[in-house]
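The structures come next, written out as structure tokens.
You will see two complexes here that share subunit A, one where it goes with subunit B and one where it goes with subunit C.
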Partner chain A sequence: MPGWKPLEMTALPTRKLEAWRYTDLRALSAMSFGEVPNPPAPVLPDLALPRLVFLNGVSSENLSSAVPYARGFEAVAEPSAEPLALINAAHAQQGITLEIPAGVDAGTVLLISQAGGTVPFAFHPRHRITLGAGARLTIIEIAKGDGVYWHNPVTDIVLQDGAKLEHVRLQDESREAFNLSTIRAEIAENAAYEHFTATIGAKLSRTEIHAALLGTNALVHLNAAQLLTGTQHGDFTSVIAHKAPNCASRQTVKSVLAEKARGVFQGRIEVARVAQKTDGYQMNQALLLSPDAEMDIKPELEIFADDVKCSHGATIGALDNEQVFYLRSRGIPEAEARSMLIRAFLEEALEPVAQADAKALLEAEIETWWVKQ
Partner chain B sequence: MSATTENTVHEMAAQKYKYGFTTDIAMEEFPKGLNEDIVRLISAKKSEPAWMLDWRLKAFAMWQKMEEPHWARIHHPPIDYDDLYYYAAPSAPAPKSLDEVDPSLLDMYEKLGIPLNERAALAGVAVDAVFDSVSVATTFRETLSKAGVIFCPISEAVREHPELVREYLGSVVPVADNYFAALNSAVFSDGSFVYIPKGVRCPMELSTYFRINAKNTGQFERTLIIAAEGASVSYLEGCTAPMRDENQLHAAVVELVALDEAKIKYSTVQNWYPGDADGKGGIYNFVTKRGACRGRNSKISWTQVETGSAITWKYPSCILQGDGSVGEFYSVAVTNNFQQADTGTKMIHLGKNTSSTIISKGISAGHSNNTYRGLVKIMPGASGARNFTQCDSLLIGDQCGAHTVPYIESRNMSAKVEHEATTSKIAEDQLFYCRSRGLSQEDAVGLIVNGFCKDVLKELPMEFAVEAQKLLSVSLEGSVG
Partner chain C sequence: MLEIKNLHARIGEKEILRGVNLVVPDGEIHAIMGPNGAGKSTLSYVLSGRDGYEVTEGEAIYNGQNVLEMEPEVRAAAGIFLAFQYPVELTGVGNANFLRTALNAIRRKRGEAELDAVAFLKLARAAAKTLQMKEDFLKRNVNVGFSGGEKKRNEMLQMALLQPGLAILDETDSGLDIDALKIVAEGVNALRSPKFSALVITHYQRLLDHIVPDVVHVLAGGRIVRSGSKELALELEAHGYAGLEAA
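Our next item is the complex of A and B:
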């Protein structure tokens, strides 16, 4: 669809909407997108894992491996009225459909998106991941690129009784790109969804997660680290709906903001009347490394059941000079002391990432980011 | 929750509002409805100068263009602004001394326990009691005037201290700040004016007791408190309204200004009629309260205990402009039956080394909804700013809701912002412990709730602390086991 503007399809949300008060999409609205260009030469991570590769949003048969239970894009009706999901639904032609049968441990799968081109373009993949009862899967999602583009993926996740999905995401898009990711997860009895997103790239990005705990003893972990610099804008928004008794949700989101970067965290925990014995916890912390950085936080608790334990905490501040001094007094140079403290700061969010390759990858990315500062 | 608890809940829900009596004295009312003529009438009634009338008319014109806000977590049928009386006052001329005050009014204040006559002297409290819209009696004028303190109805201040009123009125809450503030600016009938001159520590705690009496009357008071350089004052506000089936509208505006080194402590105990157990009737309390710490090292402290009103919409805020200024917000909000509260604060840090503390305790029972909504904003110039926020919610019963909606925005790396919030139910083990020591279920709940609110209650002046503690238990009577 050459030359179309998203505004002509479905209006992009504006800051007048409460859910978008901290993220301004006017820069995106002002853009026109051309035809998706030929894909760039791919640079793939050196990991011996089965992978599904998308170049400029188009599935690459050559670069992808045969992943069991994986199929291509399948159109389904869009259930929500969320503007970004609607735009995605109108345009989605690519994506993966993964259905892991009950009781199967499907191991680890890489999901790679590589983008680049000389004219601005947009792509809207739609992924569906379903785990049958007791199934296991780990997905490592990596998004990288160069140039100006808009990546607008929607991922729908269904976890049946006792299933467990570990979902690790590295968003390292082009610094001129827009990444607006929507993830929706339905979590049944005894199932667990463990999510981690590292936001390092993009000019403007938002990861919006809607997780619904639908059966007793369901669990969700939503962790994230945002490392932003320049004039980057990173937004992590979550809505966790406790709709069954005895469920637990845990969120730890850490932001490190340098130069004129702006970080946003919005997190809502909704506890329905039936969701007695809910255990909800949310921690959000930000380090401002520069006088021009900005952090906006809006943690929300919406509670209709009485026998619950919900808490949230938030802190914003600079690196503690006393801690830097302590390390320096032990002979550690300032730059290294600061690096140590920042890695320690991020550790709490990274800790639940269990898959060794994923953890090594994330730690390497954080290190690279820090060295560039 | 145990069966006993449930029973107590029901018993308590049947609890009668003990201030639900009305006073029959001749009232002077303007026709219902709101238009420019009513605004002119109110102004004329108060013998206001032309500038005041212009100010009101400007506010009215702005209000007409504004829309009622709907972002708060409150629900109510649409308010018909043309079906309200905007002015009501006892029809006798204003009394010059206590002897001239209508005995039935004094009797009512007796029932409320306001120390207005000799008891006032013993209690050491000056009361500017607002009976509906006109201040009927002001005591301790002399002691205060010796100290140079001006404490009078705002209508009087408009006539006698126009230079002060013109300088400060609307300087903290601008005319068109929000829908209800604009409405108040157009039709405010009375309220209190306080000016503490340079270096003066107000010799006594000042108090206003508001009371809505006439049916279908909106109460629109306007309070303006100014503490000049180095001055300090503690101001108490208490509210009680009689029982009415209709919902009554209360849209007040309170403005505080603290100059260099000045301190203002503003305490409220709000126990207006909350409606009956089915959610019928009760006050709509839509209030704008804001303080400006203009001077360096100035301090404004808000303490509120909100147990009444069908709906509370109120965010006492501080603009921390002066370097080193301090803002505090201590709040207890209790909702029971079908009450709705959406309350919190805003702390806007502009000056260097400004600090703010927010302690909010929300207690929901019955079918009520209780929301904390707050903003902490650190502007780029607020180096070394500090905020600590703690919001705790307690749920009693499984039909109520507790919500926390804080906004935290920091644009200065040297600022430190900390926020924590918890929500939990009243602990069965604590209840059990108290019961095993022979306390009744109700006393046990009262004790635990008072303990939960201790951090806030200890901020209240003595006179209020006792009343507030009682109110907490009374408000929750019948709601807890």
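Our next item is the complex of A and C:
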């Protein structure tokens, strides 16, 4: 698809749409994308885990290991009218299909995207992850790169009765790149989807998650941390649909914004009439490290059932100078003191991440983030 | 040795310290007493480098260096330790992690090898035991949900680990019951050596029953208005500060 522009295929959403009010894609619309260049020399994490590696969106047989129950890309009709998903569907030629049979604990799988090139390019992976009844899986997804590109993945997740998926994402794309990720999860009775996204990279990014709780006692955790600086823009948007009784949703999203960075959180919780005894919790907090940083927060609760417990809260604050001084008075240099307090601020969001490698990976990124600035 | 010469400091337009002169030789413990608003806490913050205080005149020389020009963390590495009147709560920061980070930062600056987690825990557990602190102290978030006494003990634990040359105790006795008071005193007394000195800032005499000072100073109106032996504290306890402020 040499020289194509996304606008020619399907229009990108504009700020006139309520769901895109705070994220402006004009800089992306203005770009033209060339042919996908040859992949860069990969820098892979030093983790002894089975891995699926994509270079510039193309599956690398050499770098990937044998992952049980994994197949390659399978085309499916796009069920929604979401602009980004439609663009993805029009271009997707790569992606993983993972189908874990009922009752199988498939352990942990790394899903790596490494991108880079000298001319702007775009890639649109489509992943499908299905867990049969009682199956278990952890996915650690890492996206990194250099140069100008647009990464537009769509991930469809189906969790059958009692299945549990832990999905940990590290978005550390090139600071010149665009990452617009769409994730859709269907969660059946007694199943659990535990999601964490760390947004550190990209010039502009959005993680948009639609999670549907379809059977009783289903659980969804959508946690995230955004660490942004310069003129980075990071958007975490979620729609949680409670469509069955006795389900729980938990959301803790934290943003740390330096310089002129801008963070967005949109969190919509829909509770259907049948979804009695819904237990919903949503917390959004931002730490502004500069007077020029900006955070936009839009919580939305739409409740049609009468016996539900839904709470939400939002705070925006700065680092506490008393705390910084306390640490410095104990000999801890200022940058390290600030770093410790940033890590502490993120604790509540990070706490549920259970898989040890994933946790260590995130900890390392967070610990060095401020010191690297 | 700490030598404070003609120290003037203000917060905004308000002059708090108006020419403090004070010498604390190594190996000695000096108490600073005085009425509320005399500048006691300001003196401790100015010495430890907190923002918001402007030094307009004078200097504070510790071991040959003017500490007033140093960043707070450099002062800490030089051996100055401030025990806070109100220790700060750090939600999300584990006490052990905090203590180890501080200790290793100071060891790095002093050119000593950093301690790994195992060596550190051994040291910290022993120090906590001496201060009669429960093991879970190290696992909890720094000062979060601690009682007043536990916070002060945690200050003493930090002091014991960081091994300062000069400790400044800013009303460490406020809000303590007698048992906690004794533990704080033992913490200070345990560090006593010819190379250690302390400035014990207190409103009341009772802490000085347990940390016996070599010299007692009275700070009033931003100056040291009187200095004397430990009996001065008893005199102040009996007669109050009335009359001293005008001196």
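Structural remarks
Just so it is clear, the second predicted complex is superposed on the first by the 363 of 373 C-alpha atoms of A that agree within 3 Å, B and C clash if a C-alpha of one lies under 4 Å from a C-alpha of the other, contacts with A are read in each partner's own complex, and residues count from 1 in each chain.
One rule holds for everything that comes next: a contact is a pair of C-beta atoms (placed from the backbone, for glycine too) under 8 Å apart; a residue touches a chain by one contact, two chains touch by 3 or more.
Remember, it's a predicted structure, so these values are computed and weren't measured experimentally.
Residue contacts after overlaying the shared chain place A:A344 against subunit C, while subunit B stays out of touching range. After overlaying the two complexes on the shared chain, residue contacts for A:L86 are found with neither subunit B nor subunit C.
Considering which of subunit B and subunit C touches more of subunit A, the answer is B. After overlaying the two complexes on the shared chain, residue contacts for A:L49 are found with neither subunit B nor subunit C.
In the superposition on chain A, A:K309 contacts subunit B only, with no contact to subunit C. Contact with subunit C, but none with subunit B, is seen for A:F325 once the two complexes are overlaid on the shared chain. In the superposition on chain A, no contact is made by A:V119 with either subunit B or subunit C. Of the two partner chains placed around the shared chain by superposition, subunit B is the only one that A:R273 touches, whereas subunit C remains out of contact.
When both complexes are aligned on chain A by C-alpha atoms, no subunit A residue touches subunit B in the first and subunit C in the second. Considering their complex, residues 1, 71, 378, 380, 393, 395-425 of subunit B touch subunit A. Across the complex, subunit C meets subunit A through its residues 48-51, 71-73, 75-77, 81-82, 84, 87-88, 90-93, 97-98, 101-103, 105-106, 109, 158, 162. Those residues of subunit A whose C-beta lies close enough to touch subunit C in the complex are 320-323, 325-334, 336-337, 340-341, 343-348.
Those residues of subunit A whose C-beta lies close enough to touch subunit B in the complex are 18, 273, 276, 286, 288-318.
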